[in-house]
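Alright, structures below, take your time with them.
Paired with subunit B in one complex and with subunit C in the other, subunit A is shared by the two complexes that follow.
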Partner chain A sequence: MVIVRRKDLSLLEKLYLPEIARGLSITFRKLFEKKITRQYPEEPLPTNEVTRGQPRLVVKDDGHIACVSCGMCEIACPAYAITIDGGETDRAIEREPVRFDIDMLRCILCGFCEEACPKDAIYMSNELELADYSRAALVYDMEKLKRPKAALQKRIDYVYRLNNRWRKSSSTR
Partner chain B sequence: MSPMHWDWLVWFLKANVIYGGLLGTAAGMTLAERKVSAWMQYRHGPNRVGPWGLLQPIADGVKFIFKESLTPDGANKWLFRCAPALAAIPSMLTIAVIPMGPAIPFIPGDYKYFSITDLDIGLMYLLSIGGLSIYGIILGSWASNSKFSLLGGLRASAQMISYELTLILSILAVVTLTGSLDLRDAVAAQSGAIWEWHVFSQPLAFILFSIAAFAETNRHPFDFAECEPELVSGFHTEYSSMRFAMFALGEYCAMVVIASLWTTLFLGGYNVPFWEDAPWFLCIGAFLAKTSIFLFLFLWVRWTLPRFRFDQLMALGWKVFLPLALANLFLTGAAVSYGVKLW
Partner chain C sequence: MTKIIINGREVEADPKEPLIHACHQNGANVPMYCYHPGLSPVGSCRICQVEVKQGNGPARVVVACRTPVVEGMVVDTEAPKAHETRRECLEFLLKNHPLDCPICDKAGECDLQDYAFAEGQGEGRSNEPRRKLDKRKSLGDVIVLDEERCILCSRCVRFTEEITKKPQLAVVDLGSRSTISTFMDRPLQGNYQGNLADVCPVGALTLKAFRFQARVWNLKKSLSTCGECSRGCAITVEVLRRKDVKRFRPRYEPKVNNWWMCDTGRFSSERHNATERLVPAARRGSQGLEIASVERALKQAAEFLSGAVACIGSPFMTIEEAQSFAKLCSQLGAKPAFVSPAPSGLKDDLLNTGDPCPNRRGLLELGFEALSPAASRARIAAAPAALLAGERVLELCERAQLAAIRGPRIATFDTHALEGDACDVAVGIPEQVEKSGHWVNIDGHVGKLTVARAAPAGVQALTRSLDELRALLTSSGVASR
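Let's look at the complex of A and B:
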C-alpha cells in the first residue's frame, strides 16, 4: 500500500491566483526564446563523413568511372537493388559497365556495396533526399549516380581510416 | 437619396464592417492560437501558407469545405444538421450591441455609436442570446448518438448553468454602479481618467467575470465539453467537415464577444484614458487594443494551465465563486444605496 502525502499548501497557494500568475509569467518568457524547430527543406540536416546516405559511383580525376563491372556489389546487395551489365573498353582496365542501375526504392542504405567493391568505385554519399513523382524516376542510372571523386573524398578517407584497423601493413592500397 | 435610405446604407455598412471584423478576428484567432502555442513550446507554428503563415485560416477553411461531412448511424439527422448553426449563430448575433466607438464624423447619419444597433437593454440582449448557444452544443451532442458526445454536452450544460450565475452576478455589480443595462452608459461612466475604469472600482467582479468568461466560452482550463483525454473530443466527436468548423467558429466568435464585453464593462470600452473627446479612430483603436489583450489572455491561459477535474470545477463554481459574487453584489448595492462613493 502506498500512502500519498499531498503537500500542505500555504494560504497564498490555496488562492490559486498568485500561482497561476507565476505559471503565466513562465510561459510568457518562453514566448521570446529561441525556436528549436529545424525548418527542414531550407535548413537541411547536418551531415558528415559518417553519414551513410545513398550509394554513388566514383568518377576518377581522368573522367572515367572507377567501376570495372565485376559484380561484387550486385551480389553483396541484400536488397537486390543493383543491376549491372558489363561491357568492354579500350582502357587498361578492359571492362566497364554499360548499364549500372540502383533502384533507390529497394536500397536500404546498408553500405554493403561500398564494403564489397574491390576498386573503390562505389561509396556512400551524404545525399539523403529521395523524392520524385514516379517509381521509374527513382531507379537511378549511371548518369544519375556519378559523382566526382572530390565530392566523396571525405567518405573515402573515413572508410580507409576505419579499415586500417584491420589492414596488415603488407596489404596493398 | 432620402435620409431614410441613407440611414439604411449606413446601417448596412456598419453591419458588414463589424461582422466582417468579427469573422476575420475569429479566423485570425485560429492562427494566433497555433502561433502562440508554438512559441510557448519553442516552435514556429504554421509558417508555410502565405507570408508568415498568414493565409493558413483560408487554407483551413477551404479544406473544411471539401471534407466529407459524415452523419453517424442512428443520429437524429435533422437535429444533427441544425446544431452547428445553433451553436454558432447566437455568439455572432451578440456582437451587435457592443459599442466600438463614437459616431464617425464624415459618415453623417442618425446614429451616435459605432455599433450595429443602439439598444437600451444591450446587456440583457447579450446575455439572453449568448446563453442560447449552449442549445447548439447540447442538441449536437444528443443528436450524434454517441456516449462521448452526450457526456460532453451534459458537462457543458452543467458548467454553463453554474458559471452563467457567477458571470451575471459579477456583471450586475457593474450595472449597480452605472444604474443601467445599457452598454453605452457603462462606457460613458468610465470616460476620463484611467481610475474611472470599473476594473478599479470593482476588482472582485473583474476577476470573477474573467474566470467565468473562460468557463462560458468552454475554454481551457474549463473546456470540459471537449476534454480530449477523457471524451475523445466531447460534444463534437461525431462532427466533421464544415459542421465541425461551425462549432469552432462559434467558439472563437464567443471568445471575441466576451472579450469585447470585458473591455466594455471593465476596461472603459472605447475610451482613451485621460482624453475625453479623443478622435473616433483612436477610440476604435483603443477598443481593439483592449479587446486583443483579453483575446491573448485566452490563448495564454490555455497553453499554461492544465485542465481542472470536473468535480473541482463544480465545487469552485458553487462554493467559491457564487458566494463571492453574491457578497460583492450585496456590498456594492449597499454602498450605492447609502450613497457611499466606493472609489
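Let's look at the complex of A and C:
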C-alpha cells in the first residue's frame, strides 16, 4: 500500500479566488490564440502522395482502363476484398475486366494490390472517407473505382520513386 | 529394367522410355516443352538438356527426351554445364515470347513461366524487337492461336499426327518466320481439338470457351469422371468461386484415356452451370408444382408408391445410388431398370464409345435392365405408379412424350423438374459434379466421382432420399421382399 500525501496548500491557494482567476486567464488567452482543432468533415484531412487511402483503378489517357484483369491483386489481397472477372476486347491488349469489385468493408488499405499490379492499374488514392447507409453500397464496382490517371499521378510518381530506390542496376548490362 | 545413376542415386529405368522419363520418375525435375509422355520425342526445344557420362568418355550435355537409357550411364541433371545450357535455351525461347503473362490464360500452369521464374533472369540481353505476329488467329470453333506466344515445340502437330491420326497442323515457313498453321488455313476438324490447348506448353493454343474466363490459380480442382459416354475418362473438374464449373480437363489414367478426352466430354462442363434447379423438392398441388420440403415430398410419394410400380433409373446413377435404388425396387417388388438412350453417333476409334450411359456396365452388373426410352415410357404408362430416379432421367425419357402419359402417379428424383413434367412428387438431387461415388466404365474400370461443388442448400444425396423413402414404405407396411 502506498500512502499519497496531499500537498499542503499555501495561504494564497487556500483563498481559492486567485487560483480561479489564474485558471480563467489561461482559458481566455487560448480563446484568442490560433485554433488547433479541425472542423471535420467540413474541413478535410490534409493528404499527400504518401497517404495510403482507398485503392482506385487507373483510367489511361486514351480512356481505357489500365487493368487487364490478371488477378494479381485479387490473389495478393489478404482480406479477399477484390473480385475480378475478365473479358475480351478488340484492342491490342486483349483483356479487360468486365467486373472489378472491391468490398471496401473488407479492404484493410494495406496496399498489397498496388504492389502486386504488373500494369500500373491500381493505386492507393488519397480518398479516405468511407460511409454509406448499406453494406451493399460499400462494395464498389468498376465505375465507382475508376479515376483518371492525372488524379493519381502524384501517387504513381511516388511509388516509382520508392521502387527505384531499391532497384539494382541490371546484372546483364 | 536398366540400372542407371541419376544425380548420384542408382535407379531402375525402363529402356523403352527416353531418359527424361527416368529422370521424372526419380524426382529429378528436368523441364520440358516439346516432350510429352504421350507423344513421340523430337528434341526441338532443347530445354531438357542434362549431363550424361558413359563409361570412360567425357561428360556430354544431351537432350534427355531423345536419349535412350543405357546400362551404367551416369546422369547429372543439375551439372553446371547442363544448367547453363538450359538457361541459354530458355533465353532463346524467351527472345520472342511476349511478356504476356498478365493477359495469358496459361499463366499459373505454364511450363515456360514456371521455369523462367525459377531461373530468375528478369531482363533480356537482346535489343532487337520481338516478332510481331497474329495474336488472335482462330483455328476452328474450339481453339484460338496466339502466334507470338508459340515456341514451336510442335506438340500440337504431333498430336494431330499421332493421336487423332488426322494431320491438320504444321509448322509453316522457315527459320525465324516459322509459325504453326493449319493446311491452307482451314479450320480444325474433329472431336479432339480441346486437347491441343492441353498439350501446348505455353499459352499459344487456348480454348475459345475458356478464354479469359478465370485465372487458373482460382480454380478449385477435384478429380472426377466424365459422364458423356461409357468410356468414363478420368477428368479434373475445375470450379471457380465454389459456383461455376469452368473446365473439365483430362487426368492421366493409363487404363482409360491416357492424357486425352474428347470435346463432347470437355465442353459438357457447361451443362453443370444450369441455373434452374429443383431445391429442395416439389409436389403437385392445385397451383401446379409447389416447393415442398424433402420430408413432405417423400411422405407423399410413399403414399402412392405401392402395387406394381415401374422403377426407372438413370444411367448417370453411381454404383452407390444404384444399390439404394435396387433395394427400394425390391421392396416395391419391381425389377430395377435404367433408361438407355440410343447411341449418340459420336463413336470414334480413340475414346468416345458413342454410348451415352456412363455407368451402363455397373448397372448391368447390379442386375438392372436396360430399357430404351420408348420401352421405359411404355412400362411407366402400364403401371399405376412410377418411380424415376437419377440425374437427367426425365430428359433421357424424353420429357415431352413422358409428360403426355396420363394415369400413373409418378415420383421423380431429378436435378430439376419443369411445370409440365410428368411428376406428382419431385425431389431435387445433386448433379454429377456435386456427388461422390463410382461409375464402372465399358471395360470394367472403376471411375471415381468426388464433390467438386456443394449441392444447393437443402438438396440431399439421392442415396439418402431413396433410403428415407424405403424407411417410410417399411413403416407404412410395404413389406420388404
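Observations, loosely collected:
Going forward, the second predicted complex is superposed on the first by the 142 of 173 C-alpha atoms of A that agree within 3 Å, B and C clash if a C-alpha of one lies under 4 Å from a C-alpha of the other, contacts with A are read in each partner's own complex, and residues count from 1 in each chain.
By definition in this document, a contact is a pair of C-beta atoms (placed from the backbone, for glycine too) under 8 Å apart; a residue touches a chain by one contact, two chains touch by 3 or more.
Bear in mind that the values here come from a model prediction, so they are computed numbers and not experimental data.
Contacts of A:Val68 after superposition: subunit C is touched, whereas subunit B is not reached. With both structures placed on the common chain, the touch criterion links A:Lys35 to subunit B but leaves subunit C unconnected.
When the two structures are aligned on the shared chain, A:Thr27 is found in touch with subunit B, with no touch to subunit C.
Of the two partner chains placed around the shared chain by superposition, subunit C is the only one that A:Glu88 touches, whereas subunit B remains out of contact.
Of the two partner chains placed by superposition, only subunit C is touched by A:Pro118; subunit B is not. More subunit A residues lie in contact with C than with the other chain of the pair subunit B and subunit C. Within the complex, the subunit A residues that touch subunit C are 68-72, 74-75, 83, 86-88, 93-95, 118-119, 170-173.
Within the complex, the subunit C residues that touch subunit A are 101-103, 107, 121, 123-125, 135-136, 211-215, 217-218, 241.
Those residues of subunit A that touch subunit B in the shared complex are 17, 20, 23-24, 26-28, 30-37, 39.
For subunit B in complex with subunit A, the residues that touch the partner chain are 36, 39-44, 47, 207, 300-301, 303-305.
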